[in-house]
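What follows is a set of structures to go through.
What follows is chain A paired twice: with chain B in the first complex and chain C in the second.
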Partner chain A sequence: MIARGVPGNRTTLFLLQNTPVLLFIVLIVGFGMMSPRFLSLVNFVNIVVQAAHIGIIAIGMTFVLLVGGIDLSVGANMYVVAAVLGLFLQDLPLSVSFPLVIAIGVSFGWVNSWFITRLRVPAFIVTLSTLFVGRGLALYFSGNKMVGFSPSVLSLGRASYLGVPSAIWAFAIVFVVAWLTLSQTTFGRQVYAVGADPEASAKAGIDVRRILVAVYCIAGGCAAIGGLVSLSQVAVASSTFGFQKEFPVIAATVLGGTSLFGGRGGVLGTVFGAVLIQTVENGLVMTNADPYLYPLVISAIIFIAVLVDSSRSAILERLERRQIRVERG
Partner chain B sequence: MSTTTLPTERAAEPARRRPRIAERLLMSEYLVLALTVLYVLILWPIVPSIATRATMLDVLAAMMPLLVVAIGQTFVLIVAGIDLSAPSILATASVVGASMMTDDGGFALASGIPILAGIVAFVAVGLLIGLFNGLCTTRLGMPAFIVTLTTMMFFSGFALFYTAALTDDGSSFGDLPASFVAIGQGTVAGVPYSLGVAAVVMGVAHLVLSRTVFGRWLYAIGRNPRAAAISGVPVRRAVTWAFVISGLCAAIASVLYTGRLETGTPVLGQRILLDIVGSAVIGGVSLFGGTGKVTQTLYGVLFLSVVDKGLQLLGLDLASVFAIKGLVILLAAVLDALRRRLILRA
Partner chain C sequence: MNDTEAQPAFFAAEGLCKSFFGVQVLHDMTFSLHPGQVLGLVGENGSGKSTTMNIMGGVLPMDAGRMTLDGADYRPRGPRDAESRGIAFIHQELNLFRNLTVAENLFIAGFPKLARGLPFIDRAKVRVRTQELLSSVDLDVAPNTPVSRLSQGERQLVEIAKALGSNARIIIFDEPTTSLTTREIERLFDIIGRLRRQGIAIIYISHILGDVLRLCDDIVVLRDGHRVGRAPRAEMTVERMISLMVGRTIDQIYPPRDPPMSPGAPVLEVRGLSQRGIVKNIGFDLRAGEVLGLSGLMGAGRSELARILFGMDPHETGQVRVGSTAMTTLSPANCMAHGMAFLTEDRRAEGLMMEASIADNVALASLPQFGRTWMRLIDRTRLGDEVARVSASVQIKAPDLQRTLVKNLSGGNQQKAVIGKWLLHKPSVFILDEPTRGIDVGAKYEVYKIVNRLAAEGAGVLFISSEIEELTGMCDRILVMAHGEIRAEFARAAFDREAILRAAMWHGIKEVA
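Presenting the complex of A and B:
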């Protein structure tokens, strides 16, 4: 579509369209030259393990951004899941408690979608309020104290199958399911259609409300799974577990090329975005950079990636603006 | 958008069908104000101290910095943007400004006018970050949400970095000059200076939005940027100014907060982002642009501050405060959605 819109200069467009991948390669080469340890397979596995929980939640966020929505409550959802699991479901086997808390995450998303679709409250405000309510309820249950987990949860966090850590398995499974859903199913097509133009989708017979409910439930479920992956790594959940996680999650999603205005993007980019952010953080650790510089470097890289990404839209916009001027003069 | 541009029809409406009191209240601009009064009345029997003069003055003084930031945010919301970087501007301005006036850093101590230099530094930080946000949004075509998200991350990090590099304990700039602290804490005849500062900001902002061409431009851009551009509105310049104003307001709020706390601290305003956007939206400023008034933001800030104070007086723990605040924001948003539907029907 874009290649046809802007004639010529395919190389530039190719570069623009694959910014996250290219940035990723540049960073790997750069950090690799500064620290030989960085390029080891062990370290790369480490990066993906650390990126897994953000990546999983960001995959859910991708669905929401694709329909032009937003979910600020994912961090609170993580904490609700952690609190419920640690306080009430300790004694159940994981095969029962995990599906239960994921169902809680999904219902959290469903509550969001109810306010958004039935009462037509903007998603930003709904999820902003459920962020407070969710975290408040969970804090009430936990009494503002650390929440611990049963040894089986922790051993699951440390476990590996076929030499691959459990966090990466979770990340991979969520990714594959999400990718298949978006690219191979009718539902996936409808998600893109609703994001591109809700009115036209409704006219074409798509049940827009059902799609919206589904994506917020997916985001809630992914937040729960991401929360489980994260808590199985950190062993205890403090009262700030998941606090303001919505920002790195949205950053990873947007870094992966998903538009905030809906209709454009995908989960493959999101995985790249999440791994990219973690790669930068890991590279900074490996090169012994001042910890105070981490947020500066990470935000600068996100900025550059989004800048390059949006210059595509800027090119298109400039073309449109010229047409307006012709009409005026 | 189309729902808000029908003042004449709305005026004619009572003649056709007399709305019930509940409906009329729901349609009213003063709904949030009414909710605030209702809240105080409900709490009165439980905590009588909520209706005392001392509590009211306390709430007023405490809400002023939030009010100033939220007014800046209103400008950006009117053009359908959002400024997530406001808290980081508060923090960065606080540490940079404080570093001018104290022994840590002390860049302007030798100038003879350290306090003036400090305030200039506060304002400069706000203007520059606002300008950066505005230019990235308008000239580079980046979404405001992402631009201000990255500037938020960058400058919160920068404020911590700056503080660690310049101070001995690495956490804050203490020992601010007494005359600077007075801006945040001082009173004239029982009225805090901060109230005066906020009143001036509010008055100017109100005049700019309601009485100037620039104000009209902002509303026009918020309703339909393309139509505004065709009609000759300098869209990019106006939107950039909206972000600069938001940065400036955050800087002024930072002066007030820093004075109140007597320290320049990099964690200033870390948790108030949602309060800023939330209070504007509760007041009735739309996230989709085109509508919003300074008075609405005032009501929203007043409402949130009174709710906060009430929960504090009830002696509730952090958890309940969080949950109730969330429910209250949600309730206000639901009422707003209902109101919109009523207006559509009318």
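Presenting the complex of A and C:
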């Protein structure tokens, strides 16, 4: 009934919803024509390995954006995890220290959620503060020096299982678990409901606070896992480890079609968004583009993603406006 | 029907009372329900219908009184609790998640699981259950259809299916037909008929009195929070409902109003203004020195018309003249430039910056007038003087105009600050949308005096209000809107509350006539 009055909007909406896919195709064709090496399997595996840590953190971010929240502290969380692991847990076997630091990441997220749900401070403010607090604490403990790691961390990063690099395994496992959680569990569907309308969710008997606490914990856990994947690739954590990572993470999530306004999106799109961003960087390298262009190109893509998201929301809102008169015929 | 009436009541409410901020809005509300009964609830805006239902549905706690369900005390702790006791509330604004599918909406509070211990949803079971529920309300859509693709009528059926899914024994409908087409309404009534045959009790709230008369076994009429009548359908007529709803006039006090001896020149002329789905063919004149009332029920399109006139929402056809200018485009900036002012219905959200001072708020709409030198720096001295003059003229009571934040003012003083903001702009057309909502009697009187003075100084005032009483006390002329159209016009000499209400309910009455 609503669709009948505005056919043009539906077409626009379809285009807007598929902008990232169209963009991806254009990029691959473009870079492929400029550099033959770009289209090789080796290069593609390389892209996914490099995209893995951003992708994993962005999967956690997807949960947060789905409830209409935001987490700016993921980069700081990564650094906290790296500093704790490097400074205090070096002597433990990785099978003990890794779960331990992931738990620290989850607690970081829990602290965020406590301020957001109990004290009702906006998520933007809370996570902006914990970004500085987290980074500040880690810098204090590390004495602003580079933190090194045992060779076992690096060898984990270089390892392959069944011919697939460990980073891709981690990425895939996080993705599958997150996908199952969001699409196949009551909790997952309630995340979407809370994002669409928290008040209606409460009326429908959903424990909104529990959902909010859970998503920030998930985001914290994912930030820790992403941090470990990144560590295993570089084996040292300088004072800029994880610095400003929130930007590519949020960009990947939004680019993958998850709305900043909550309630729409999913982790499959996020994986796609993270790979897309890495593809752009990789393509720029392959085609010997001026390095000073990178930030401009990346920011243009982020801009397009956010623009698409808000025009999509505006159109949806228009389509669903309440009608006073029902015009017959 | 006789056999259902023979059954004893299973729900009863006795002496329900409710106050908000010291104002009692519900007095001694009493009624009962038996299985298969359809109870109609009618009354003007603010007569206490929604409050009663919100208490019953667990949205609001009651101050005094008692409810019983199956003979036991019933005191819901929240909507969820009410639902688990078998009372479902279908709100006018539906409570569905448009981003989820039909099936997901039905089970969002808890999906059936594949196996014990595993958290995964049993999609097959969900599908089968959904299909059962949908077929019981005659809705032929696939369970995995997103709700955003459904029409308003179909969404309503999903809500009913949801109520059935939670084994509801009482279903409350609040204005269910406002956005349905005729065919969807017929379908809804069929379903309601079927529900009552299954022994489900229905409470049906509506302004469409014809529907109420057709559908309900018993009708309760409310006025000012009091139950003023209850009668079975056979003893009730639309005429009787209206006269009960209006009741005798309780004379509020209004400042004396001297209508202009001769009507002034038109300051606002509207011709053939339409926007599909919102308003249709609106035409009227507002003259200098006139207070023109705009009456109508909730959702009749009054505020929407005001928003269109001020250029905040689009319109498809129609001409608007402000003063001597034919407006080619309507936008807030353009309307303001031509001397229009608009007091929105929600001053917290749209009319005021709560965290700013009174002076900043009052100055907001007219800052460009105080630009000085080529850089248009604000002339603080002249602005401060003007703000002080205007604030004094609307009598804002506050310790310090420059320092007191608007959020710390009372509702009445906030409203005066909004009026002051527009006064500074020296407008010739004032649109006031519910200017006295939520402010106390004393402050109301002062707002009325300001309105009178505006008119006396030659401005045209379009006064939108849900209270017919207020309009008959304040206006020179009243237009009545229903269903997005102007249905009637009354001159001051012909003011008649009953006739005005009848015109506002035109859509509901026409089907009986």
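Keep in mind that, in the parts below, the second predicted complex is superposed on the first by the 288 of 329 C-alpha atoms of A that agree within 3 Å, B and C clash if a C-alpha of one lies under 4 Å from a C-alpha of the other, contacts with A are read in each partner's own complex, and residues count from 1 in each chain.
Going forward, a contact is a pair of C-beta atoms (placed from the backbone, for glycine too) under 8 Å apart; a residue touches a chain by one contact, two chains touch by 3 or more.
Predicted model, so just to flag it, every value in this text is computed and none were measured.
In the superposition on chain A, A:187 makes contact with chain C only, not with chain B. Touch criterion not met for A:89: it reaches neither chain B nor chain C.
The larger set of touched chain A residues comes from B, when the choice is between chain B and chain C. In the superposition on chain A, contact of A:237 is made with neither chain B nor chain C.
Within the superposed three-chain model, A:200 lies in touch with chain C and out of touch with chain B [touch as defined at top]. In the superposed model, A:23 makes contact with neither chain B nor chain C.
Of the two partner chains placed by superposition, only chain B is touched by A:260; chain C is not. Within the superposed three-chain model, A:311 lies in touch with chain B and out of touch with chain C [touch as defined at top]. Once both structures are placed on chain A, chain A residues 321, 324, 327-328 are touched by chain B and, in the other complex, by chain C. Chain contact summary for the complex, chain B toward chain A: residues 136, 140-143, 145-147, 149-154, 156-158, 160-161, 164-165, 226, 229-230, 274, 277-278, 281, 287-288, 317-327, 329-330, 333-334, 336-338, 340-341. The touching residues of chain A, counted against chain B in their complex, run 115, 119-122, 124-126, 128-140, 143-144, 247, 250-251, 254, 259-261, 290, 292-296, 298-300, 302-303, 306-307, 310-311, 313-314, 317, 321, 324, 327-328. Residues of chain A touching chain C in their complex: 1-3, 5, 180, 184-187, 189-190, 192-193, 195-197, 200-201, 203-206, 263-264, 316, 320-328. If you check the complex, the residues on chain C that touch chain A are 79-80, 83, 93, 95-100, 104, 108-111, 113, 119-121, 123, 148-149, 151-153, 179-182, 276-280, 299-301, 304, 483-485.
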